[in-house]
């Protein structure tokens, strides 16, 4: 399945854009997605940390990703 | 010596005025003054507590009172 | 000057207080705004009256500000307190503290209002429909 | 409604925030005002740029407000956060909390800003004379 990933903050610089599309196996987990992303964008591994959000909620590594989910990469936040 | 005592808050009600004059021995202490005041105004003993101020500073019972000191009675404060 | 302390008979302005403590090196400001509640222990309050021993009150507030500067790395401290008659919703006190980092601003602001309520010679009378009472006077 | 949460591209007003949280039963309001400092670790800052994942940021701020209502007896909670370009001295965030008693207002306000900085998807870029950096991105 093709999954659209929204990017913010430094992730936008790393992806060189505010969204990218990746190809994932059906029933892929957040963990699988992070692995794919880190292969394509090794600079992600240099971040202090980062999270994935699924449908506007922080996701766990074991969470399954579905085709129409809204996925975003959340680098370390720094609001306030 | 004659000493003028400023009164605030409920002390003004007890003294029935914003200042009173009392007669004190020279070298009287704050403790002596409180005793005299409580004799003349027994309602003072019903307060939660009260302090005396000498020249705009809280005074201790053992502090000596001088003739030109500015003396005030400070019933429990409730600002803020 | 890094401290502004004032007793005032007219309306206090939160905006003015924040503007005064803000400096180019400020990262965070904590502001405490006291307001006149419409009831005390369930009993409706009509209005409040505040009275101060002005000179000593200013003295004591200056002491508290100095203590706060000694305890925390804060930049500016402002304490404004009303006197006179206050209606429900009016503001008896504003404390504003600026700092490079918020921890100091929060701690100092809290310390100042807590200590002010214990030591500064200001008195509040609550006026009810059927009487009035000097707050905290009796046990 | 007892909660007001907003992302805004225009100037935040402390006065508006205090006015909104104040209620007749309010006894105390604590307000935290973030400001753009002119330097970070001694290095002059030219301006900041804030970016938010809007929908999720609102979600997370609503969660924090609900948690604060669960933890402390507070009356109203307001969280306003800026996005876009901010100059030195501008206000990125205002948090205002009203309560009958100040203890709850202070604790909730502190909790909200601390948690917001940890969980709300908003990002700050510091622009220096010679470069720029996404704050906290790297270890």
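Each chain gets a letter, A, B, C and D, in the order it is written, and its residues are counted from 1.
By our rule, a contact is a pair of C-beta atoms (placed from the backbone, for glycine too) under 8 Å apart; a residue touches a chain by one contact, two chains touch by 3 or more.
Values in this document were obtained by computation on a predicted structure and should not be read as measured data.
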Check: Through how few touching steps can chain A be joined to chain C?
Finding: 2
Notebook entry, point to check: Taking each chain's centre as the mean of its CA atoms, which one is farthest from the centre of chain D?
Noted result: B
Checklist line | Mean-CA-position distance for chain C and chain B (Å) | finding: 26
Margin query: Measuring centre to centre with CA averages, how many angstrom lie between chain B and chain D?
Written below: 48
Note to self: Can you work out the whole-Å distance between the CA centroids of chain A and chain B?
What the structure shows: 72
Check: Among the residues of chain C, which are close enough to touch at least two other chains?
Finding: 34, 113
Margin query: If I count partner chains per residue in chain B, which residues reach a count of at least 2?
Written below: none
Margin query: By the document's touch rule, what are all the touching chain pairs in this structure?
Written below: A-D, B-C, C-D
Check: Residues of chain C touching chain B in their complex?
Finding: 34, 50-53, 55-57, 59, 81, 92-93, 113, 116-125, 134-139
Note to self: Under the definition above, what is the set of chain C residues touching chain D in their complex?
What the structure shows: 13-15, 18, 22, 24-35, 37-39, 88-89, 98, 100, 102, 105-106, 109-110, 113
Notebook entry, point to check: Given the complex with chain C, which residues does chain B contribute to the contact?
Noted result: 6, 8-10, 13, 46-48, 53, 56-58, 72, 74-80
